[in-house]
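Order as written gives the chain letters A, B, C and D; numbering starts at 1 within each chain.
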Amino acid sequence: MNKVVTSIEAAVADIPDGASLMVGGFGLCGAPDSLIAALVRKGTRGLRTIANNVGVDGYGMGLMLEAGMIASHIGSYVGENLLLEQMMLESKIGLKLIPQGTLAESIRAGGAGIPAYFTPAGIGTVVAEGKEVREFNGRQYILEEALTADFAFVKAWKGDRHGNLVYRKTAQNFNPMMAAAAKITIAEVEELVELGALEPERIDTPGIYVERVVVSEHKEKRIERLKLRKEGR
Amino acid sequence: MSAALTDAQKRERIARRVAKELQDGYYVNLGIGIPTMVPNFVPAGLEVIIQSENGMLGVGPYPKEGEEDPDLINAGKETVTEIQGTSYFSSAESFAMIRGGHIDLSVLGAMEVDESGDLANWMVPGKMVKGMGGAMDLVASARRVIIAMEHTTKKGAHKILPKCTLPITGLKVVDTIITEMAVIRVTPRGFVLLEIAPDTTAEEVQKATGAKLHLEQPVRTMALD
Amino acid sequence: MNKVVTSIEAAVADIPDGASLMVGGFGLCGAPDSLIAALVRKGTRGLRTIANNVGVDGYGMGLMLEAGMIASHIGSYVGENLLLEQMMLESKIGLKLIPQGTLAESIRAGGAGIPAYFTPAGIGTVVAEGKEVREFNGRQYILEEALTADFAFVKAWKGDRHGNLVYRKTAQNFNPMMAAAAKITIAEVEELVELGALEPERIDTPGIYVERVVVSEHKEKRIERLKLRKEGR
Amino acid sequence: MSAALTDAQKRERIARRVAKELQDGYYVNLGIGIPTMVPNFVPAGLEVIIQSENGMLGVGPYPKEGEEDPDLINAGKETVTEIQGTSYFSSAESFAMIRGGHIDLSVLGAMEVDESGDLANWMVPGKMVKGMGGAMDLVASARRVIIAMEHTTKKGAHKILPKCTLPITGLKVVDTIITEMAVIRVTPRGFVLLEIAPDTTAEEVQKATGAKLHLEQPVRTMALD
């Protein structure tokens, strides 16, 4: 069993126009930059994307927006994409915003074989419109359905040929649930390690969820909002 | 009176007063803006653990120059640091923690709060939609929600109202409002004025508020030391 | 913040008769033996327990059965408890058996603020009786409700004073979900370590889920079914 | 004929034949009993990863004496070992993996299987109730379910039936039945006999079976090398 693909191009080669695609990351942190860049080069169109954000203007998933590759998007926050506003005004993209916890849980449910679940987030808001609301123990909850996708791009710190993945610090975010929720999960890893090198209890995403592993081409990680503390404080 | 304060002074005052609501061992989630400043004023000796919904429990201060790490950010996407006892997890686990009622206190900003405790802080119709992020999950499930905000808009318009006019983030979710002018509790009878700043009066606070403020007990002066 | 309790007795002192109690472990593996033993010594009665198993006859939760402390039990497998059969025949205990995945997910839901969710496990079986069944994407699913408890006993390998816990190998099992699903979670740890000693990405149960930490008195762990390989194979 | 085999020989034959269903890279969950013996017969060169529902992916062989570890067991509560690439996780994650359809193949024993693919393997009314454990989750969600069992009961009673008589574990879940006598596929038309053991005949297999076996294609001899 060897899931390692030797080129980023080959890893994304079979993604067709119109595919649904989950993309890991919270803002630019833990986002699969190399896979996104390869897909932009390939020029796949009509994508239905699911991701917490859409990168920023000019970087990450923002490049997919600019290239007109995204037909519709499901996420929780798009405040860094001025381009998106214009595209929405021109009806060039469909956008569905849902609470971040609902996004995370619906993707988790998609990978876990749970078609729907109840959550209190969004009761009384636009999020609840058209959805079943039911009371449990005196409190109201919304029925939310699972999210799945044809493909997922995830970004890990280390990975092995079985597809076992380990994330670093807050770069984990949406990656593990997306790995489980897509039919074909493609993992971009900073470092490919020997099988057996990862501590079995430290593995965040067991290889069963991953179809392809490819080494990242992006060695430099971009910081979205650099905040520093004054010395001595 | 409060109007004489600079914006920065108002914000610091609000953050200072919010910090007084903290107790040792509290798990707290802080929204973007004024809430982010609260950790600077945690009383000595209290251990308060900050949760960040992007998958971190135990958020430390901003890094020193050269110690910033692109893999270590808060929910505002700002670089942060670890503390002793920090743990990391997925977004699903993070919101399981939030939704499950494990967060003692959530401090958020607001555009409008009304006397039912309804909160509006995520969108203005006609303006660019940014998305609700984790706000709806946080207000629906934190044990207590404090709104930390300037008392009125920059133009002096009311934000504390009988009924929210903007699309809401959560129904009956706000427990307390802390502004540069006052501390206001949301109760079944409406807003109750608990404290006022040393540089204002109950009358001024009422004038800056769009809904009736009840005075059920002697109004104290806001503790700001 | 210091959640460390210095004696096992003190850790369980406030558990009243009639309390609901989750107990971690899969069989004897990862079970909180010291906390169970302390509760047996205390003699709390009328407990409503939730655990995958009920220990074995004469050990672990089996001691609670023998002492007549359990009024009702929810679990997925009780094949190691001959005593239980007799108690059921004599109506001395209420027993509810549910699929192991439903048990795990209902406890996870309890800790995650999800009051109910749909699962395919048990469709067409006694498990589905009296429950709502709904179709999603052409398949039938059962609506299952969350499980929570007043107290949880969990067992960890290492823990710190904030209640951060790390499990070892398959001794993890039901412990993390139970830690999150109970009002008061009491963690029995093999080793209490300094704050900061646990790798932040390796922490399985963040301290937010844990109210009390106590060091285990059981230094020896029992093996339920010793199976050995012939040398050289 | 098969009846001449010892129980141990029957069980080994079944496990050998099940092993031929494996493919490189398969993720497999194995029930208690005969299924547990399957890894002994995995063809050389195939990498098959065994999942154990108590929270382990990559189950290795039983430990050598002195290497047993109370914290390292399979779902049958037997001591096992790690392999290179093993990972551990919670029971919730384990069943998320199972329920989510990530397991390629689940091999279980059975008390009864019927021609709709219904399976009964968890309780006999009037006998001590042991509980279903993870069986209902496994059969509801694995991509393929193979039943590995002796063709009849010890007393010679039929286990392969037109309709299950015992409380069922899952509806329409069984894909293939592998016994010491035959390999039988469950199809929309009922049971189809695919292979028979070298020491029996199609007539003998039909006699040992409580439901009609269809012969839609030439019946092959069970491969057992």
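As a working rule, a residue touches a chain if its C-beta (ideal position, glycine included) is under 8 Å from a C-beta of that chain, and two chains touch if they have at least 3 such contacts.
Keep in mind that what you see is a predicted model, and the values were worked out from it rather than measured.
The chains that touch subunit B as well as subunit C are A.
The chain with its Cα centre farthest from the Cα centre of subunit D is B.
Subunit A and subunit C, compared by their mean Cα positions, are separated by 33 Å.
Measuring from the averaged C-alpha position of subunit B to that of subunit D gives a distance of 56 Å.
The geometric centre of subunit C is 29 Å away from that of subunit D, both derived from CA atoms. Per-chain Cα centroids separate subunit A from subunit D by 36 Å. Counting only residues that touch two or more partner chains, subunit B has 82, 88-89, 95-96, 98-99, 141. The set of subunit A residues that touch two or more partner chains comprises 105, 108, 112-114, 119-120, 167-169, 172, 200-201, 204. If the chains shown are joined wherever they touch, the resulting network has some other arrangement, not a path, ring, star or complete graph. Across the interface of their complex, subunit D is touched by residues 26-30, 52, 75-79, 82, 85, 88, 95, 97-105, 107-108, 119-127, 157, 167-177, 204, 221-229, 231, 233 of subunit C. Against subunit D, in their complex, subunit A makes its touches with residues 1, 108, 110-114, 160, 162, 164, 180-181, 195-196, 198, 200-201, 203, 206-209.
By the touch criterion stated above, subunit C contacts subunit A in their complex at residues 105, 109, 112-120, 134, 136-137, 139, 141, 145, 166-169, 172, 199-202, 204. Those residues of subunit B whose C-beta lies close enough to touch subunit C in the complex are 24-25, 27, 47, 49, 51, 57-58, 82, 84-89, 95-103, 141.
Those residues of subunit D whose C-beta lies close enough to touch subunit C in the complex are 52-56, 61-65, 68-80, 82, 88-92, 94-96, 98-99, 118, 128-137, 140-141, 167-171.
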